[in-house]
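Next come two complexes, and both contain subunit A; in the first it sits with subunit B, in the second with subunit C.
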Partner chain A sequence: MASTTRRSRRDIGEGVLAALLLAPAGALLALIVLFPILRLFWLSLHEVRLSEPWAGQPFVGLLNYRDIWADSRFWRSLAHTLLITGITVPGALCVGLGLAFLANLPFRVRWPVRLALLLPWALPLVFSGLIFAWFFDTSYGVVNDVLARLGLEGPAWLSRPGPAMAAICIAIVWKTSSFCALVLLAGLQTIPDTLHEAAAIDGAGRWQRFRHITLPLLRPAIMVALIFRTITAIQTFDIPFAMTRGGPGDATETLAMYVRTTTLDFLDFGYGSALAVVMFLISMAATAWYLRWIRGTSE
Partner chain B sequence: MGLERGNLLAGALALTLGLWGPLAHAETKLRVFIGGQQRPDVVRPLLDRYQAAHPGVSVELEVGGATSDLQQQYLTTVLGSGDSAIDVMLIDVVRQAQYAAAGWAEPLDPYLGDDRQKLLADYLPVYAEANQVGGRLIAMPAFADALFLYYRKDLLEKHGLAPPRTWDELKAAAKKIQAAEGSKDLQGISFQGKPIEGAVCTFLVPYWGAGGSLADAEGRFQLDRTAGEKAFDLWLEMISDGIAKKNVAEVATDDTRKEFQAGNVVFAVLWAYGWSHFQNDPDSRVKDKVGVVPLPGFAGGPSATCIGGWEWAVSAFSEHKQEAAALVRFLSGPEGVKHLAIEASNLPVLTAMYQDPEVLATNPWFKDALSVVESARARPKSPRYPEISEVIRVNVNAVLAGVKAAPEAVGDMDARLSRLIR
Partner chain C sequence: MTPDRVRAPGRIWLRLAALLVVLNGTFPMIWIFLTSLKTESELTRRPITWLPLEPTLANYVRAFADQPLWLYVVNSLVVALLSTALSILAASLAAYALARLRVRGRELILAALVAVSTFPLITLLVPLFQIMRGLGLLNTYPALVLPYAVLNLPVCTLVLVSFFESIPKDLENAAMLDGCTRLGALWRIVIPLSAPGMFTAAILAFVNAWDEFLLALSFLGSQRMRTVSVGITLYQGEFAFPWPLISAALMMALLPVVVLIVLFQERVVSGLTQGGLKG
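After this line comes the complex of A and B, so read on.
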């Protein structure tokens, strides 16, 4: 009798203890993740114009979302964002894969290679943007200088829509491929050499080994890289802001830049919040799709 | 036990005294925010002088943002959240209406008391007027400004040319000098095409010059499409003729200053601050080779220019408004204005200062600048100015980059501005 009481008390105790131990982390998460998201959504249902405080903050339901649907600037900035995502995610993954293989080669001194890998990753985004803005400067930039030495006349990179978008994508791929490389390098190092050796003995060529051993075993790392890279690509802001400010016209304005302009320049926090919610939903959808894809292919 | 308790008490007492000690004869700490472009190196000594004359007040200078837009972006986050960290801030002449509407600036009328009218009469009327919104004084003028035409005196003299009075004369002079000098890097003219605040004036200057106005006789919004297209065509011709560089759509205000300073530009459309850099910066290659005149007009038309300048405002969230207002009165008074004029070639906001021999000794061209500032025109006054500005600057940038045709841009501007300005 006594022993069962003690036991059940201990069971309850464990449950309570678990809840108690998790509570601080849970509270912290709710405070710094859940609360801002909910507040953002709540704001998006209101009209909040700091420039017109006398108008108050009336509840307007889904009006802001209806305006977004009819807002051609939203669709243009969304198209630019998706274009950047579509180019720079695969781009950074391919370049990153190459870099990861390079860093995984049995050099005698590997640390300089790995340091070189880390540097672009450690650099603040806006610095990369400023550096590349100089590279692509029409008059003083190194890109047009090299082209001139080859006898070609380079374009006014940042004031033509196509070249400006290309320059931005190049800068983003340079900046983000090192992150992909780091993740992929970690994945590569978990693949035992014995598998390659066994396959080599069985007569598998280099390509076959890559195709049938490295790639399948690297899949989880590739997924992690893809998810993180896609989310940051959807949020692209710093590099185009530093390089073109969205110009020429609004040819390189991304969704995140439009959110900033709406809130911080126009002080329209209601509409800006609604735009931010849409951006958040797009990120969520992309992540959910990746996760489903992983589950689908791993079964 | 008793002893311990006594020690504890004594300790607490000492601690309390230690904390309260400095506060008892404490100073009021004021925090002033200005942008990197407003010469913190020049403003700091002025604040030091104020501190020396006012024991009990210490003034910290916070510097951030190299352009009007970036400064505003920072202030928006501070003021939007009702933060009391900043007491006094320097704001662009286009922002008073927004600050008044948002309730960010403390109206200064009560702090000036009976002196208000007498004080305001000393300022250039355009600035006394610009700082009042609905009869309330939102800020006090710091320095005046307008767009001028800087030119290379040495090059014009060498080729026997007088400073241009019309855009056609400017184009002819630029072409002649560019051809004769034979340097690929020498630009005929530099102006601002990047989508920043400065691009608004890039449009308005020739638009006004071509007879355009943003308001009709009854004060309602209107956009003169003919004048708008003429304004764009002026700049586009300069690009296609090779007088302006082909990527002028990437040029921000300070880029114009740097390129002129490096000796790569014959004519520059720029604010007054350039003079002090050209004359004093160690890397300046144009020292004593610079002339300043009013901007040209179209043949037979008037010369128009955009008014600029910056204003001292007191934050509505400041915890030391009385002291902050006193500091603003000092900064916008004769001592502050004269200091900025001499050390940073900032145009004075006090009419009398244009006769001051010391000011004229460092800035000889100021004597002709008064009439330009007095005739300069203001950008639209509206709490939604940031949106108005954005419409104009994005279209200017698109046209100069060749992404949009001028008539299309003028049409778009008309459609969007008519909804913003009422």
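After this line comes the complex of A and C, so read on.
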């Protein structure tokens, strides 16, 4: 209790102090996150076109949402986003797991490997996109050069829908697998060697040890990587923007890109907000899954 | 006694494994570096060359001369440093309250922080754009500093909460028995002891702010305000995309971040896994 410690009169109560300390963070969050989100919902129920300022901001109810339902470009961008999520999340996890296993080998000098995992993480997403766009350049890119040396003719990667999507997914997997590897490596390092040795003495082979020791103990780290990766994959913007700007046509346009185009290029803030609300709900579903999982493990 | 199936792999295999990981992590940057040393005419040769035939630094000179690259770097630095400072300040106060004081609804606050850290930026784009426009902040540094500070707040707070919790309470109690106020104890005991934790959180916040693209692309429309990621991505050559020039600019833009992580790699790794694994 507060009275058990000798306090000077200047000292304030614990509750007041806590409130004071939390206030700056709370104010910032209210201004930059809470208020904008409420505003987003409000905007999504109105017609707000910056290009027609004379029209005012009439309330239109759920009209924007009805339009979304009938908007084929929305469905395509949603499909692209889900496709990217479905390919790059497992892809980055598998590559990341491989990298983590390699990085966990008993090297005498550890820093080059650690650095090699950190570099892709620290590289800005949009720069990774730029660099991979250069890799996949039809005439002068290194990918088609290697293919040519193998006697194959590479496609015009970024100007055809299928290859463009493939190139984007490869870039995303490369960029994000190192984050997965770092998380998984931290998990691997908590597994004591003695467990493996004991199991080996009992006659367990490599695969059995992987299946029955490594995987179960690695589960928490895998879950963290999986959920974080999923949440960021839903928001994919930078890499496709840098590589194709959503093209050819809208063949690689993600939901986030469509929201931005609708608002900042078409200046249709009402409809763009409704699109953003849809994205918000999808993302919050993934977050809820994450929070439930955290609660499950802490109990 | 160890059965040979758990024996460590041989030296050659170890070297190969290390080489594989290192190549995977550095190949794109090596390629960009090699590209940045080539002349424009060499770049249009087919088959392409891997190593530059006549290495030149001319692209680096031109990267600074052809576009205001310095300005972009300064813009990025100002925005990243200011937002990091703001983030750390607000986060350390909040983290102290969450780690040390009885806060009603503590679990709820922590959960809210995790939720905010997963927030899709694009959902904030539209209303924030309007707010910044209303406040006349478009094309000014605060338009990015405020959002970046807030978006880094959760990670910094979570890292710092776990750091504060690792500092023994007795140190503070002793100081308070000796007549320190709680804020005095925070200032004299906890903050000096948690400097490493703050530093870790600051590196993460800085890298995130340096890397951000979407808001920077949308809120700073004028060319002189562009951050380095926007400036380079929107760079338009007169004809085709000028790859040697872009590569040189990319190398310069990557330098600050690479220096940071080379110097502080252990800290970054521990911060990343703490922020990620602790919820």
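Following the convention adopted for this analysis, the second predicted complex is superposed on the first by the 252 of 299 C-alpha atoms of A that agree within 3 Å, B and C clash if a C-alpha of one lies under 4 Å from a C-alpha of the other, contacts with A are read in each partner's own complex, and residues count from 1 in each chain.
Everything below uses one rule, namely that contacts are C-beta pairs under 8 Å (C-beta built on N, C-alpha and C of every residue); 3 or more make two chains touch, one makes a residue touch a chain.
Keep in mind that what you see is a predicted model, and the values were worked out from it rather than measured.
Engineer: Between subunit B and subunit C, whom does A:A200 touch in the aligned arrangement: first, second, both, or neither?
Structural biologist: second
Engineer: Give one of first, second, both or neither to describe whether A:A156 is in contact with subunit B, with subunit C, with both, or with none.
Structural biologist: After superposing on A, A:A156 lies in contact with subunit B but is clear of subunit C.
Engineer: One more residue to check, A:L105. First (subunit B), second (subunit C), both or neither?
Structural biologist: Second partner only, subunit C.
Engineer: So in the superposed three-chain picture, is A:P53 touching just subunit B, just subunit C, both, or none of them (first/second/both/neither)?
Structural biologist: first
Engineer: By the touch definition at the top of the document, which applies to A:D250: first (subunit B), second (subunit C), both, or neither?
Structural biologist: first
Engineer: Does subunit A have more residues touched by subunit B or by subunit C?
Structural biologist: Ranking subunit B and subunit C by residues of subunit A touched puts C first.
Engineer: Output check: A:I32 vs subunit B and subunit C. Expected answer is one of first, second, both, neither. What do you get?
Structural biologist: In the superposition, A:I32 contacts subunit C only.
Engineer: Looking at the overlay, what does A:L264 touch: subunit B (first), subunit C (second), both, or neither?
Structural biologist: Both partners, subunit B and subunit C.
Engineer: Check the residue A:S139 against both partner chains and state whether it touches subunit B (first), subunit C (second), both, or neither.
Structural biologist: both
Engineer: Is A:L218 contacted by the first partner subunit B, the second partner subunit C, both or neither?
Structural biologist: neither
Engineer: Following superposition on chain A, which residues of subunit A contact subunit B and also contact subunit C?
Structural biologist: Comparing the two interfaces on subunit A, one with subunit B and one with subunit C, the shared residues are 137, 139, 264.
Engineer: Taking the touch rule as given, give the residues of subunit A at its contact with subunit B in the complex, in rising order.
Structural biologist: Residues 50-53, 137-139, 156-161, 245-251, 261, 264-267 of subunit A touch subunit B in their complex.
Engineer: With touch defined as at the start, can you tell me which subunit B residues reach subunit A in the complex?
Structural biologist: Going by the criterion above, the answer is residues 69, 72-73, 76-77, 80, 98, 101-103, 185, 193-196, 245-250, 383-384, 386-387, 390, 394-395, 397-398, 400-404.
Engineer: Touching residues of subunit C toward subunit A in the complex: what are they?
Structural biologist: So the residues of subunit C in touch with subunit A come to 2-3, 5-6, 8-9, 14, 17-18, 20-26, 28-29, 31-32, 35, 43-44, 46-48, 50, 86, 89-91, 93-94, 96-98, 101-104, 109, 111-112, 114-116, 118-131, 146-147, 149-151, 153, 157, 173, 176-177, 179, 181-183, 207, 210-214, 218, 229, 232-233, 243, 246-247, 250, 253-254, 257-258, 260-262, 265-266, 268-269, 272-273, 276-277, 279.
Engineer: Within their complex, state which residues of subunit A touch subunit C.
Structural biologist: Contact set of subunit A toward subunit C: 5-8, 10-12, 14-15, 17-18, 21-22, 24-26, 28-29, 31-33, 35-37, 39-40, 43, 99, 102-103, 105-107, 111-128, 130-132, 134-135, 137, 139-142, 145, 148-149, 174, 178-179, 182-183, 186, 193, 196-197, 200-201, 205-206, 220-221, 224, 228, 231, 234-235, 237-238, 241-242, 255-256, 259-260, 263-264, 269, 272-273, 276-277, 279-280, 283-284, 286-287, 290-291, 294, 298.
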